[in-house]
Structure formats: C-alpha cells, structure tokens
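Would you mind keeping the following structure in view while I ask a few things?
As written, the chains take the letters A, B and C, and residue 1 is the first residue of each chain.
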Amino acid sequence: MESRQDKFVAVLDRYGLLIAGSILVVLIALFGLVGRLVVPVEMSQVGAGLPAKPPSAEHLLGTDQQGRDVLADLIYGTPTSLKIGVIAGVFGVAFGALIGLIAGYVGGIVDEVIRIIVDILLTIPGLMVLIIVASMLGAVSVEAMALIIAALAWMWPARAVRAQVLTIRERMYIQVARFNGASNMKIIFGELLPNLVPYLAANLVGAISGAILASVGLSTLGLGPMSQPSLGLTFYWAITYGALIRQMWWWFMPPIVIIIILFLGLFLMSQGLDKIANPRLQSKA
Amino acid sequence: MNLNILEVRDLHVHYHTRLGAVKAVNGASFDLHAEERLGLVGESGSGKSTIALALMRLIRPPGKIEGGQVLLDGISLLELSEEQMRRVRLAEIAMVSQGAMNSLNPVARVHRQIEDALRDHGVKQTKRERAEWIGELLQRVGLPPATAEMYPHELSGGMKQRVCVAIAICLKPKVIIADEPTSALDVVVQHQVMETLETLRAELGASIILIGHDMGLMAQTVDRIGVMYAGDLIETGSIEALFNDPLHPYTRLLMASLPSLEHKEAAKGIPGLMPSLLNRPTGCPFHPRCPEAFDRCKVEEPMLLTVQPNRGVACHLHSAEPAEGEAS
Amino acid sequence: MTALLETRNVTKVFGGGPFHRGSSVTALNNLSLTIEDEPPTITAIVGESGSGKTTFARLILGLANPTSGEVRYRGVNLRQLDRDQRRQFLRDVQVIFQDPYEVYNPFYKIDHVLEEPIANFRLAESKAHGRELIVDALTTVGLRPEETLGRYPHQLSGGQRQRIMVARALLVRPRVIIADEPVSMIDASLRATVIESLRDLNRQFGISLIYITHDLTTAYQLSENIVVLYQGAVSEVGDVERVVKEPEHPYTRLLIGSIPRPDPKHPWGIKDNVPDTIDKSVGWQKGCYFANRCPEVMKICREKIPPLYQTAPHRATACHLYNESPVVESETLNKIFIARS
C-alpha cells in the first residue's frame, strides 16, 4: 500500500545524491553549450572590449587584462575543460577496466604480470610526469592532452576493477553460468560486467574529476593548449597579469566558482553512485 | 504461587521499512511454566526469532515492540529502563542463538569472553576465584578446562556453541532462550550439545524456550510446543498431543511434510507460500493455502482459543461461536 | 562399455609441502565410483563436515583436481577434455548447488538462468519454443510459471529458488545431476517439495542422481544406494534400506542414532564414547579413523585401516568387526550397489 508520496521519497532517498550532482554538472555543461548560442565567439578573444574593465551592462563579468570578455571566455572555455576531462576519464577507465577484467578473470601468470606493471606505474607521481611530458611536447592539442592524462589515469581503475572481478569470479552464479554453457566472453560481459557497472560508473566520475583537475592544473601552469580558451588557461592569464593583486575579482572569482560547482556536482554524483553500487551504505530502513 | 516464570501477552513487533510496517509478530500470547521446556516452531519469517529478540529486548530499529506485556517472574520487562534490562539480561534471562558461535570475539581467549560477561554484571571475584569458577563452568558444559586458554578459531563448531551455552548460563538465569542453537552443527554434535543443554537446564532448575524449524528436534527435546505462522501463534499444546492429534490444518500439513526414516513414502510438501508480512491477507493468514478454508476464514482472524486443557488453537474449525469470547 | 562419469581412486590432500606449517589433511581417500549411462540410478553420498563429501562433489564436477587418481568423462580425463568434449560434458553432467541465494546473479530476473542454457546449448528452434521449454520445466518441478517468471531472485522463497535450479538442470536433459546439499539451506517443511522434484527427474526423465548430503533422512527417502563417508574414507556402503535399518558400522549407528525422530515415543541417542573435542586427528594415521570414538574399538583397529568387508550381496562395511566377511575385490563401489527393483 505504497502511496505516491512514499514512492517519491523512496526514489529521492536512493537516487537523490546522484540527481543533485547530475543537475549541477549539467548546469555547468549547459552554461558552456547554450551560452555560445547567445554570446559570439569573438567576445572571448583578445581585444573584444576595453581591457581590465569591471562588470557592466555590456560585459556582464567585465573584461580581462587583454580585453577579453570574461563571461565569453568562460562560456567557451568550460566545454574545453569538460571535454578533456571526459575524454581522458572515459579512455582511462575503459582501458583500465579492460585490463582489470582480463587480469582478474584470467588469473595466473597473466594476472601476475599485469599486476606488477600496474603497481610499478602507480608509484610514479602522475602529475610530475604530466608536467614533464607536457613541457617537452610544447604546443599541445586538446585531444593530445586528454590522451596524455588518460595514459596515467588507467592504472587505478585497473586495480580496482581487478579486485572486484576477483571477488565476483568466485561467486556461485559464475559457476552456474559455466554449467549453463556460457563461454568465457559471455561470462565476462554477461555476468561480471553488469555487476560492475555501478562500480565502473562511480570510478568513471572519479576519473573525470581527476582528469579535469589535471587538465586545469596543467593549463594553469601554461602547459596546456594555448590556442583555445579553457578554464585553466583563464587562470594562467589571470596569474600572469596579476589579477589578484589588481583586485580584478571579476576575472578570477567566476572560474573558481565554476570549478567549485563542477567538482561539487561530480562529488555528489560519485557518492550517489556509490550508494547504488553498495546498498549497504544506504540509510536505515 | 504463580507457576509461570514467563507470561507473554499480546506481543506485537513491527519492522518499519520504507514500504510500510512488516508485522513480524502479531499479538502472540503464551506462558512459560517453571522448569518447563517450550518449543516455538515455524518456518523462516514466521516470527519465532523475532519473539526471542523481543523477550531479550534486543529489537533494534527499524524494528519496534509496538505493544504487549512480558512478565518475567513478575517483572514487566517491556517497562524496564535500558540499564535495568541490561542487568536482567544474562542474569535472569539469557540467549544462545545460531549465530552465537560466530559472534565470539575472535581475538579473545575463551576465558576472557566469559569474564567480560561476569564483569559486566558486576560480579566481584578474585583472579583465582574467577579462574576456578570458569574451569568449573566449562566442565559443566562438557569442555575440558584447557579450553579456557583457547581462541575461538581453534575450536570446532560444537565446542564454540558450548562456550556460548556456558556464557548464557554463567549467571544462572531463570529462562534460557535457544534460537536454533544447533542448526549449523552436524547431527551427532547436535545431539551432544542438546543433551548438555538439557542437563544444565535441569541442574539450574531453569526453563528453556527452544526455537527452530526442525520438528524432529522438537519432538526429542521439548515438553510443550507452540506453532507459529506468519507472525501468529496458531497452535499450542503438549508435544505428544501435537504429534498425535494436530488440530490446525497448517500443523497437520507440517507433520505430513516430514520425511521419515521408517518408510520411503513420499512426504508431501505444503503448496503455496507464506504470505508477505507487509500485506497480510485479511482474516486467517493461512487461508490462501488452507485446504479447509471457508468463508469466515477470509474475513475474520481467528483468536488463539483454549479448546482442551492445555491445548490452544487459532482456527475457525475449532471455535464454537462466531466472534465473542476469547480465553487465554 | 565406457562409463559416463567415473572417479578412479581419487584422493585429495590439502596442505603439506614446504609452505604449510602443520601436517596435511586428506580430505578424500581413494574413492572409486562409476555412473553409467543406463540404467538411471540414485546414489547418496552421506557424511558430516570433514567427511570429504564436498570435496567429492567438487572433484566429480571438475571444479577441483585430485591429488592422485582420475576423474573421467566417457573415458577421458576431465583435465584433458577438448572443447567439444567439454561441451558434451556439460550436456551430460549438470549440477544443483547448495545455496539458493548465491546461485543467482542479482542483476537478472530468474528467467536469465533458464534462458541461458537454451541459448548456449541451442536447445530451441525459436524463441517461442524456448519459452515453451521453460514453462514445461517449471511446471514439471511444481512451480507456476506465471508466479515465478519475471521475478527477481529476492522476490522468491528459498524453496522456489532451488526448484528453479532443478528446472534449469532439467532443461539440459543431462544423463546425471550432481546435487550438492540441495535442501540443507531450505526450511524443513519445504524440503519435501524439492526432494519430490528430484525424484521425478529420475523416474520421469531417467536422469541419474548423485545426492550429496549430511541429512540421512532425505538420503534414505531419495536414493537406492548409499555411501557413508567418515573423515575422507568410506565407512559403509550399499543398499540404503539395509544400511539405514540395520547399520553395521559403529559410526553409521552413531549417525542414525543421533537423528532426532519426529516422534516423541521414539527417543534418540546412542552413547558416544567420546564427546566432541578437538577431533582433528586425521591425515597420516595408523588404523581406523574412527577408533578414538568407537564404542567397540579393538586392538587391531588402531593398527590396521579396515578394508571394505562385503557382509551381504549388496552391502559392505569398513570395520574389523566384520573381518569374517570377504574383502571387497573391486575398488569400484558400484559392484556392491543394488539395482532398482
């Protein structure tokens, strides 16, 4: 005898965090995607307006030291950062999950070898490598940056997925699947993977967060793509031109706010996914 | 002089889930006489373990004791404060459960586990007295004194369960509740542990409530039995009476479903399923599966009526008048 | 004629070796059992914990490898089956596991576990045909398809779940089903229905059963022949009627005597010589493993492991009390079994 209200509360309890986080992330994404329909791209370029002007009717977030409209800069820069993060996150997790699945399911010598490689690579400080590689490469495209970050992001998911696979592999329903005539492929993708999906999704959100952070960090240091606007690049210019000292709050505050909202959203999403993957973490009754 | 060591009246225990209240125990009433062995038998989900927890006041949220009265030697257990109940537990009423052997502290030696229980109840002894006391206690449950120095993982299942029995009786309670104490044990070990339990009970002059689903075990170890179904107590009586002449249709079907070692005839399973305790059917909870259900069964829930001396049954087949008159 | 499935002198030893402190444990010692294609038989393997029955189940299913001896499917060692043979093996040999909870992938409805064998073994010509097969199988085990299909495992009772597993095994139409404690995790009152289903599999479909359990009562109800294991070795074997009604081995007597009968007039109990203590004294031991607990132990029992003495055409006991009887020649226990009347 479940009233509509009860059902609503139940859904909210189970998916609330995920929904809240998703809303925040979507807002940020829309900001970038819809914003460009309203604000022309020229506004984000050098000389779009008089430099270092505080917010006005014409430039809602003012202009930076080189005359870029800050709002336009952010509108066109946010999707770049998101893009890098998503590509790096997806590739990293996909590759890592595949490695983890193989290592965990096949076992034996294959597992040993993979495990040793992954463990060694994990000891390398990722950010440092990123900085070195990026500075060596000079001009870097968005896609290249994403792949560089992905190359260092796959190890952790590999390890985590392997551990999960080891647990699930011994479950009785896997044995039953074997007796049902399922091939190894069918077992991996038909039986193991569905149980891994919530886990993978949580991992993915984490990986995307990390990738966005890495890309913003690298761009802030001037090691990212310079030809397109991005959040990190905005920081770079802000630091280079001493926005803080000049008290140009309209320049450095908005990107910080965007980043906070974005990461808050991603965090809530990962908490929400964790909750779904781990029903025991749910609240009582 | 009251011969009842325990009186349970109209006990209701509900579990509050997101989907509603699960009525695990739905107005159970029974007595436990002094030095008696009472069995509570039922399938999973019938409410028997919930009753055990309720008597020990160990029901935790989302479960809640919604109503009823439990009198242990005159003391109303449901009205005690948490602190008072803590003192009553183990000293007056104790429990051994199926999972008990797995909840022994794995990093504490056996003697420590018993000492913890004693200390919690403020029993003051010198170290020497305590060691002697524990040695004696272990012997009483049939364990060699050397067991005191062992860790739980060094013991077999039967031995661990005996340690749990030792902890349960260490303060000489008046009532021992044994909730499926031997389900996880081999049949030979089960026999030994139950024998030990019975010897102890007799020595202490205590009463025991044995909870389980094994009618065979009940037949061999209890004097009186109560049958539970979907949260209701549906039949009570002496063990002989119930085996010779079960009254409630569920009890009858239950008896017929027991496989025997005498002949190879097929035992008949009971068709259908226990109803969801979230959405109990109106009237008698058994009526959807009952071969003798009639109209009244679908609308009116039968009360547990005394139909013969020391015999109760909750079934319209055995009630004289519609509605009216409820004896205890 | 090559047997369908057989274990030949299989022994399984755990531990031992340089990395294990403490001695090794012989979980199963030299067991030879044969399952033929015809006629369909029901054999019970009965033992308590530590008897080796679980080890036997794993060995015969190919889930574990014997330390010595072989498990053969149609003459081929299980470890050496090629892909086609392995496929054939799965068509002929199926399993029912003990735990009605863990055998289901929580992600799927129960339909999945029934649809899989149809798809993988190509048992149906069309989707409709497949559905028909599933409905038939469910009805055969006494379930109503409309009440079970489309549900998730957690929405069904343990008894229902286990019966679905019986239906699953039936779908493949194997020659033999290994049932490893199929009813021990189900309420006593629901066991009868699952046992009934198993019996039907044998009677109606001619499927042999190896019923592995610690519950002598259901073993008696279901099987024709019984093998009683104690600490990895066979203590008594033969016609289940005789073994249960007139047990010869002191351990079998102890086992049967300890079963609580659902009859207040029939008290249980046999005085065991030694109460359960740390009785883990197995492994390399001289003499009968039961000697320390046996109420009728003799001197020879501690010196020599008793062989199987054939005390009647269809029974044998590994106990020196019966050393007047001839020692069983063949190692395969089946020679002692009674055929179904």
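Criterion: a contact is a pair of C-beta atoms (placed from the backbone, for glycine too) under 8 Å apart; a residue touches a chain by one contact, two chains touch by 3 or more.
Note that the structure is a prediction, hence the values are computed from the model and not measured.
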{"item": "Contacts common to chain A and chain B (chain labels)", "value": "C"}
{"item": "Reference chain B; chain at largest CA-centroid distance", "value": "A"}
{"item": "Averaged-CA centre spacing for the pair chain B and chain A, given as whole angstrom", "value": "54"}
{"item": "Whole-Å gap between the CA centroids of chain B and chain C", "value": "33"}
{"item": "Distance between the centres, which are taken as Cα means, of chain C and chain A, whole angstrom", "value": "53"}
{"item": "Residues of chain A engaged with two or more neighbouring chains", "value": "none"}
{"item": "Residues on chain A engaged by chain B in the complex (per definition of touch)", "value": "1-2, 6, 9-10, 13, 284-285"}
{"item": "Residue ranges of chain B in contact with chain C within the complex", "value": "43-44, 142-144, 154-159, 186-192, 195, 213-221, 239-240, 243, 254-255, 257-261, 264, 266-271, 273-274"}
{"item": "Complex interface listing, chain A residues touching chain C", "value": "171-173, 175-183, 186, 191, 194-195"}
{"item": "Partner chain A, residues of chain B touching it in the complex", "value": "15-20, 61-62, 279"}
{"item": "Residue ranges of chain C touching chain A (in the complex, touch as defined)", "value": "63, 87, 90, 94-95, 97, 99, 102-108, 113, 116-117, 120-121, 165, 168"}
